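Note that the chains take the letters A, B and C in the order they are written out, and that residue 1 is the start of every chain.
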Amino acid sequence: MHLPFRHSIARKNLMALTGGFLSFFLLIHLAGNLQLLLPEARAREQFNLYAQLLSGNILIKAISYGLYLSILLHALYALLLALSSRKARGGQAYVYDHRRQASPWYARSMGLLGSILLVFLAVHMKDFWYVYKFTAIPLDEHGQKDLYTVVATAYQEAWYVLLYVVAMIALGFHLLHGVKSALFSLGLYHPRYRLWAKRASTAYAIAMTAGFCLIPIYLYFTQNPA
Amino acid sequence: MKITLYIWRQDNAQAKGNMEKHALNGLNPDMSFLEMLDVLNEQIITAGGDPVEFDHDCREGICGQCGLFINGRAHGPLAATTTCQLHLRHFKDGDTIYVEPFRAAAFPVVKDLRIDRSAFDRIIQAGGYVSARTGDAPEANALPVPHRTAEQAFDAAACIGCGACVATCKNASAALFTAAKVSHLAMLPQGQPEREHRAQAMSAQMDEEGFGHCTQTGACEVECPQEISIAHIARMNYEFNRGAILKP
Amino acid sequence: MKLDAKIPEGPLAEKWGRYRAACRLVSPANKKKMSIIVVGTGLAGSAAAASLAEMGYQIKAFCFQDSPRRAHSVAAQGGVNAAKNYQNDGDNAYRMFYDTLKGGDFRSREANVYRLAECSAQLIDQAVAQGVPFAREYGGYLANRSFGGVQVKRTFYARGQTGQQLLLGAYSALSRQVAQGQVQLFARHEMLELVTVDGQARGIIARNLDTGKLERHAAHAVVLATGGYGKIYYLSTLAMGCNGSAIWRAYKKGAGFAAPSWTQIHPTCLPQSGSYQSKLTLMSESLRNDGRIWVPIRAHDQRPPNEIPEAERDYYLERRYPAFGNLAPRDIASRAAKERIDAGFGIGPQKNAVYLDFAHAIQEYGEGAIRERYGNLFRMYEKITGRNAYREPMMISPAAHFSMGGLWVDYELMTSLPGLFAIGECNFSDHGANRLGANSLLQACVDGYFILPNTISNFLAGQLTAPAIGPSHEAFAAAEQSVALQLGRLLNIQGQRTAGSYHKALGALLYDKCGVLRSREGLQQAIKDISALRADFWQNLKVPGATETVNSELEKAGRVADYLELAELMCRDALAREESCGAHFREEYQTGDGEALRRDEAFQYVPVWSYQGPDTPPELVEEPLLFETVSPTVRNYR
């Protein structure tokens, strides 16, 4: 099969670019979702309006197709690279293997972390995106689809919140290695900027994880007072 | 000192291998790891057995020929050390040590612990040189190279081609080896004319040989006897992209 | 055997220019049709193979290592000399020529040595053009350090890895030619026989070390670049695989062997710590730039070095040789160390070492500066010994290192066997009886890059009409058969002792009788002992395995078999030379204060040995050394 980006460095570039785009999207996504932390009435109004706004905008639509494509390519090429790396390792594995001492676990486990994220994504899309787009959900007092209630209801369940937190931690580690690694793949080699890239990607990973975890936890506790 | 060894035995590239147990007594802690293997082979030969084949030559950490996977680590437990510079004083009396060859599809086993690393030669042949003819080269001091640049180029050029980076990489990637040469020549003025071509050609050969891609886990720079930084891989990526964009 | 050095006419400084102006060339069309075998891919071999391939010849390059880049040139640490006079300290080709000639104790040819100095500057240009990252000053210009036996700074260096960087330069040039199809590379191949037809070298028999198969390779000329045979002492600074087999087998096919006993014992190596030891690691001579050598003033002083006060230290090199001090040439420094050790002043657990102290330099320049200059050497020292040389002095000891002796070559680097060339350390040419530090890399490079490409064309121009000889020629069949027979013989002894144990025994014997100090009685005894050891070898050797497979024990056995013969020739040579010169020091011939006593009236010649058959003593032929430009003086480094 002849796919574009046959060269391994080119494939890494593709991973970096698609990953970078997805990371950028996360930032916007989080900013929007932080509205859920507003007082309930205000949050409901604003969040539903925001959802309506996004679903009607042609530009957002275009971007969303870019997102789907990025996810698809990122996953597909991750799979191809993983297969080639398996082939490169050869048939015989090390009998006694302590290589884990030489590198952080999450850097070696990007495939696993990514797979968790993919499964999470499917659940996430089914529960919110699909529900919002393709099912009849009640309207709020302004006549907009009440996505806020759908979200808030979902986060009443402890197991569901836990699922989210686990997935977001996986996301955190994926980003911790991924963002830095993406900059690296694209050729950011200067020692000084590399240091800053490392710091920035660590800060970014922590911010995303904290932010996305906060929302379900907050909603859980405000709806289930002790 | 007493050491129990589990050593990989394999007749040739096609054969299936297995770990073989040997017990050694009366070893000296000042002995190098390879000297211990000398003692082992002396013992095996005297007993009428087939000695263990292993790669080694200079025994001072510079030729890059030795390379064993010792207790699950490339070149053993120490950082920045080749197998030949590893000494028994870093093990405890009574230890069990597992010895395997560097493994990768591109490094087929020749026999026992001996492997074929000619893939590295072919990566260099693809472009790891300055096309300078023998004869009348320009006056050496005509082209000053800042001290810092020369030192950084040296850091990359110090690669001994042992293959520990490949052995330890989860993807069996030769990125650090290839990048060291790309980076060394990209930094020096002499390497400029072939810069675009070099990164492209060498990394293509790296793929061709069946090495994996780089996921920047950083394991290679930890095991590299010359402590070559993975920053050189980033530079290779930069050179690759620069070449891809500037290619006529 | 008749020897003609073929030194060109004319004043010293013009000889090489005149030669190049007059030598014959081979046209590009004819070069394509001519093939050359180059055995060895160290600096000399890689440089020659790459240069000849660039010129258009078809090259076959052989090495026993798994990659050309691993040849032992890689281990040279300190630097490479060149008369560039970048330091404005009065250096020039003549001064370098004189230093080298004097360093070699006036036992080499003026014309060869001058040519070496003359081509040295060009080599630096060449290496820099290849991208060799030599040390540079802050302004970006090349830096220099000084080395033993000279009073100028003419040594170029790349940290403590100059050999590696120069070799990688040559290897990259070679790789480029492999990619272009001009060089066929045969790694993991060992030359086991030279094939001669009508007294001319026409090819080799090589063994593929991965399959064990014997292969025939024919060519118009054979170039040996197989390095030195210092490993004959077993404990040495050389790599485990270094051997003298290629030149020894060439000698047995008729090439003259010059000055086999001139082997250099390097003063700054790590001392032996036990009987298991396989290697004595070199600590670069460059360390003597900043390190001071001393032993306690009292014999058998047990105190740790840092507790011995300044007044109770004997800086014996500074004391005996005030002009050169710690930078006295290697032979002198080794002898002085051995003298102190033998007199009971040795230090360390085995009392076999002397101190090399950096405390003064660290005080003067700071630890940072010393780290930048020698960091990797200090680190290597710590890895091997577990000691920190920034805090306490290094312990060093003399060890076998370089062989000045080798196949005799004329001015064209051709041996006494037509069509067989020898370059780099495996020949005897420029270093006389003692090599100066940082001249080895230079000679290997200059031979390979600049001299051989000119001289081999001069030879090949005369071979255009010679009949083509392919590997099916009967000479190849005979040579292959004799190799197969010898391999079979080694395997079939099935005795008790391994090749390694014979090698160790031989090494110990040579250190004792044919090392730093030699005497008539010792050498006579050594010849008997070697002969007995050799007889035992062929009775009691044990080589496991078979020929047609990977068998490193068989490789070792073949090399040791050759060493056992070469060792005897070394002792014969040392015995015949009744004088002390350079690294060859006969106890009977010394001055009142223990310095070498050279006897120019009787021994101003290069001894060349000619093989006469297995049971006949070799014949000694003399190549007189004529000094037209300088007059030999007593070497004085005081």
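Heads up, the rule we're going with is that a contact is a pair of C-beta atoms (placed from the backbone, for glycine too) under 8 Å apart; a residue touches a chain by one contact, two chains touch by 3 or more.
Worth saying up front: this structure is predicted, and the values here are computed from it rather than measured.
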Farthest-lying chain, centroid of Cα atoms versus that of chain A: C
Centrality ranking, top chain (CA atoms only): B
Chain B and chain C, separation of their C-alpha mean positions in angstrom: 27
Gap in Å, rounded to a whole number, between the CA centres of chain B and chain A: 37
Where chain A and chain C are represented by their mean Cα positions, the distance between them in whole Å: 63
Contacts with two or more other chains, residues of chain A listed in rising order: none
In the complex with chain C, residue positions of chain B that touch it: 28, 30-32, 34-35, 38-39, 41-42, 45-46, 48-51, 53, 55-65, 78, 80-81, 85, 87, 89, 110-111, 114, 116-118, 120-121, 124-126, 128-141, 143-147, 150-151, 153-154, 157-158, 160-161, 184-185, 188, 190-191
Footprint of chain A on chain B - complex, ascending: 6, 8, 17, 19, 69, 71-74, 98, 100, 103-107, 168, 170-173, 203-204, 206-207, 210-219, 222-223, 230-242, 244
Residue numbers on chain C that touch chain B, as the complex places them: 47, 50-51, 54, 65-72, 74-75, 84, 86, 122, 124-131, 133-142, 158-159, 161, 164-165, 168, 171-173, 175-176, 178-179, 185, 187, 210, 237, 239-241, 273-274, 276-279, 281-282, 379-380, 383-384, 386, 449-450, 453, 496, 498, 500-501, 542, 544-545, 549-550, 552-553
Contact footprint of chain B on chain A as seen in their complex: 7-13, 81, 84-85, 87-99, 101-104, 107-108, 110, 177, 180-181, 184-189, 191, 194
